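Here is the structure we will look at.
Chain lettering (A, B, C and D) follows the sequence in which the chains are written, and residue indices restart at 1 in each chain.
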Amino acid sequence: MSFREVGKRLSNWGRWGDCDRIGTLNHLTPERTAFAAQSVRSGQIVNLGLPLTNQGIQVGLGGRVNPIHMMNLTPPDFAGRSDRMIVADDSVFLPLQSVTQWDGLGHVGYDDMLYNGVPAASITTAAGSAKLSIHQIAERGVIGRGLLLDIARLRGKDRLEAGEAITPADLDAALAAQNCETLPGDVIILRTGWMRCFTVDGDAARYWNGEPGINLACAEWLHGRQISALASDNWGIEAMPANDATFEMPVHCVLIRDMGMTLGEVFVLEKLAEACERENRWTFLFTAPPLLVVGGVGSPLTPLAIL
Amino acid sequence: MSFREVGKRLSNWGRWGDCDRIGTLNHLTPERTAFAAQSVRSGQIVNLGLPLTNQGIQVGLGGRVNPIHMMNLTPPDFAGRSDRMIVADDSVFLPLQSVTQWDGLGHVGYDDMLYNGVPAASITTAAGSAKLSIHQIAERGVIGRGLLLDIARLRGKDRLEAGEAITPADLDAALAAQNCETLPGDVIILRTGWMRCFTVDGDAARYWNGEPGINLACAEWLHGRQISALASDNWGIEAMPANDATFEMPVHCVLIRDMGMTLGEVFVLEKLAEACERENRWTFLFTAPPLLVVGGVGSPLTPLAIL
Amino acid sequence: MSFREVGKRLSNWGRWGDCDRIGTLNHLTPERTAFAAQSVRSGQIVNLGLPLTNQGIQVGLGGRVNPIHMMNLTPPDFAGRSDRMIVADDSVFLPLQSVTQWDGLGHVGYDDMLYNGVPAASITTAAGSAKLSIHQIAERGVIGRGLLLDIARLRGKDRLEAGEAITPADLDAALAAQNCETLPGDVIILRTGWMRCFTVDGDAARYWNGEPGINLACAEWLHGRQISALASDNWGIEAMPANDATFEMPVHCVLIRDMGMTLGEVFVLEKLAEACERENRWTFLFTAPPLLVVGGVGSPLTPLAIL
Amino acid sequence: MSFREVGKRLSNWGRWGDCDRIGTLNHLTPERTAFAAQSVRSGQIVNLGLPLTNQGIQVGLGGRVNPIHMMNLTPPDFAGRSDRMIVADDSVFLPLQSVTQWDGLGHVGYDDMLYNGVPAASITTAAGSAKLSIHQIAERGVIGRGLLLDIARLRGKDRLEAGEAITPADLDAALAAQNCETLPGDVIILRTGWMRCFTVDGDAARYWNGEPGINLACAEWLHGRQISALASDNWGIEAMPANDATFEMPVHCVLIRDMGMTLGEVFVLEKLAEACERENRWTFLFTAPPLLVVGGVGSPLTPLAIL
């Protein structure tokens, strides 16, 4: 079955109305958010984001540079002014896909269409993604139960290899090994260990040269369990290079364009994995609103797990 | 008593060690975060942030422009490529103080010093705020109990006037009117209604021309109650113009530089006020991590209240 | 006759080959450049550009902000380093149309086409103007004889009014009043005095609210005389609002898209007018290369007249 | 003799008044500009600049990224609007030292001072280089006689090696080999061939790893001959690594800070060398105004040689 057929079968177009702009986040109802909050135990907060710095993970592929932080005011601007406070101000220039990020629903499509039948032509240079904008997701927030699926742990490795595919059976096995179960509205946080290329080895080029990730069959798994969003420590969710090279990144396409699933990429999961292991608990409150970028197709963020 | 004397009396320098970089957020312990999570009832999420758009609230004061969102890739870049997905990518340039924001602890100081005895000279053009960086606050997250103090409601107005000062007695009266009490580690969200200049009247210039806010005596109130952070819908927390014009923005200085309190500015509180009024409940889970900007003195964010 | 018919009649498509990318600058041959250089007398240099500053002429129309200059390194970054030099480095963010500028040949078109039959679709978000790029003009330089036509002087005013049209008869009258004649390859510098709205009155908003300029009949005048480029102190070359409101900016369209004429806008001509008046000489060496922006549709520059 | 002693001996501080901001460009008088214009023969224009592109010569050293060109408007923004013209607009973000550039007189200093006794503290984050600004050089233009000294040709190589020093004797030998002589006000264009690392070999990293260039003794040579400016195809004018490692880049310091000489770097000289060889003529009209960046310490430009 081609990915187009899979996409058609798993399509959520129209499921939440013709004007829906948030897709599977509809599974994350206020009730699910409230339930997730109740799961907090210790109150320990774990940050899952990469720092924004010009020494970051980007190597310039596709014109993506690392964030550029610039000062607009520093204390010497107020030299000799003992009558007033010193102020420091700053600016940043960054590609919205340059660091730990959400892919919004305008980020990818195929056959001239985006999620929910929105024409790709709704994205223009001036207006950005006029109909499927990341600020729509930000306004509604992303706060729910996070569930870490630690595939590297399952396989007894510190990281999977580039091209190594994760199947639905793996996801089930991870759930079993962790003795937990998904609930509708959960955000799945998938750990492949691939981020260690950068955070441990300091090899950004390797990080971008392929990746382990899920295969297309997992889309159905996510669909059936009413998962609201998916995030991972790889850069594109799916195994790359893929076995089937007839179309680039079919999983991305089915998840975002057909199912309407917002994807989190370039997450940092090592500390979270350690904490979950230590506490033998794999679910937590997960807060991860993007920035309110009007017309945006993605956003940097500081995702947090509260245990 | 001069603000310098107040600052000395309320100083938290050394309180959490000489290397402390997060100040009063130390009051927001994991226990307080866990407690705050338990206060979630309906799971309703209210966004407290302004959208990032070039039609935003900035009028160019101090070189602060509105966020500039630019597309790097749009679907026509993939015209005629039915063999691959369409991708849209984007970038943003923005002053970190141009929208709903946290002021980090490197943002203001006086007498050549920042919070905890860090020299103002630790902020340089190239490295930014090398010692007191907003990413230190982001790494640890800002998730705790939020308490809305609705001063506009207290005064029976839709907004206070520019220069109108809020005193400790007002804060007490608001607590009484709302029938609630602060707890150590709470984040106080102070509503003056001032944001309506922009969101209702569309008059950005007026928004920046003075503001209602707290007076210096409130610093002691915040200190005594171990408040972890303070956010408001005005742009500088304190009443402006102030009665005492001998030093610009003394409240800012005492809160940030002496007490080490991270300040939230340009928040949008109208929907939250309505929700709290409706539910007659003024506390909620508040999640508000800044971005992980290394060397940053501030950060845009999407602050959320979960009721 | 509609502007489309005029455009067809004056079209230079194919005139210099199907791959031509510089249009009427072909009139400015090396011989004309050499001749222009010989016209230098005193060697006095007059700058015709606006400064790049955040206090510039832009008011935010169409998302055009003023240039934003930022420091990357300042001397305090080298404090205490007597063993090495101090360095200052800087960056700039600017819309390429935000200051004194050339409009490249990719800047405007109509009916889905640009100059020389290049499809408008050749301009994409990622690649910019892939076929008609301003760097092609920069590589070849713009150095030739400039001829100031001072229409404000002709009319005995310090400036023309918004909407005030300049006709071929005016251009002829200015030539006669200045006792000079055009030569093939000349760059015409047209002074309307309109820039005084900003440089004298400080009223940037007025500057953008209409403008004096040429009418469509002047296109034929420029065509017949083999003028290589046209620059003015207004922002869009033609009178605005125009008498004929059926199509916005037809002169722009015919000049750039049909004739292939690079247009200079937002020039500062007051000092040049004074110098020409003083020396009773209206021609000079004119040097005005844009920046080598690959894919660019415009460029800031420092245009110079050498008398 | 230490470089500080050399600097003192060759100092031009006060030579053109205490308020002078352009240094040795004072040698380039209107008379010299007029003379230079007369030297134009064929009118052939040779561009000496690198293209501005994200595939440029920068490798990220010192936070210098390649220019980032972004579109603000493209034709699809006007889809379905047959009643109006199509417009494309664009923006650029770039470090001013990221491409072929002038170093302004605020770019380097030592012992807390810049050229002409201007304190290094006159450069602040907010105002940039308030006293020695590149726009002062732009306003006055840089147009004079250029003289190519082709040291690679002299040595019979296509390029000198990193660290290979050029001495006054070499400069004299090149003049003799080229059968020409300097005149006061000349701009010296020094070809080392080093740019071929990038333009021929495509090895940007090698380009930045050392460079051939002049030694300190050449400063006196330039001083005595009243050279107005110096440009080269290397990135820092002087041989690196240098024999004397007690102070980094002493030649830079003496030329810019003591003599007040604006330096051109990262020039592309291969085509010019070929043209000069072909015509056996090594002088030409050289036009090279920087952008009018207020507070700037450097500027990209499109330098042109007119033969």
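Note that a residue touches a chain if its C-beta (ideal position, glycine included) is under 8 Å from a C-beta of that chain, and two chains touch if they have at least 3 such contacts.
Here's who's who by UniProt: A, B, C, D = Cyclase family protein.
All values derive from a computational prediction rather than experimental measurement.
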Chains touching both chain B and chain D, listed by label: A, C
Relative orientation of copies chain A and chain D, as a Cα rotation angle in degrees, nearest 5: 180
Interface numbering overlap (same over half, different under half) for chain A and chain C: same
Inter-centroid spacing, chain C versus chain A (mean Cα positions, whole Å): 46
Inter-chain centre distance, chain A versus chain B - centres from mean C-alpha coordinates, in Å: 26
Chain C, residues touching no fewer than two other chains: 63, 68, 71-74, 76, 91, 93, 121, 124-126
Residues of chain C touching chain D in the complex: 29-35, 37-38, 40-45, 47, 49-53, 62-64, 67, 69, 71-75, 82-97, 99-100, 106-112, 114, 120-121, 123-125, 128-129, 135, 138-141, 143, 246-249, 252-253, 257, 285, 287, 289-298, 300-302, 304, 306
Chain A residues within the chain D interface of the complex: 54, 60, 63, 65, 68, 71-74, 76-77, 79, 93, 121, 124-127
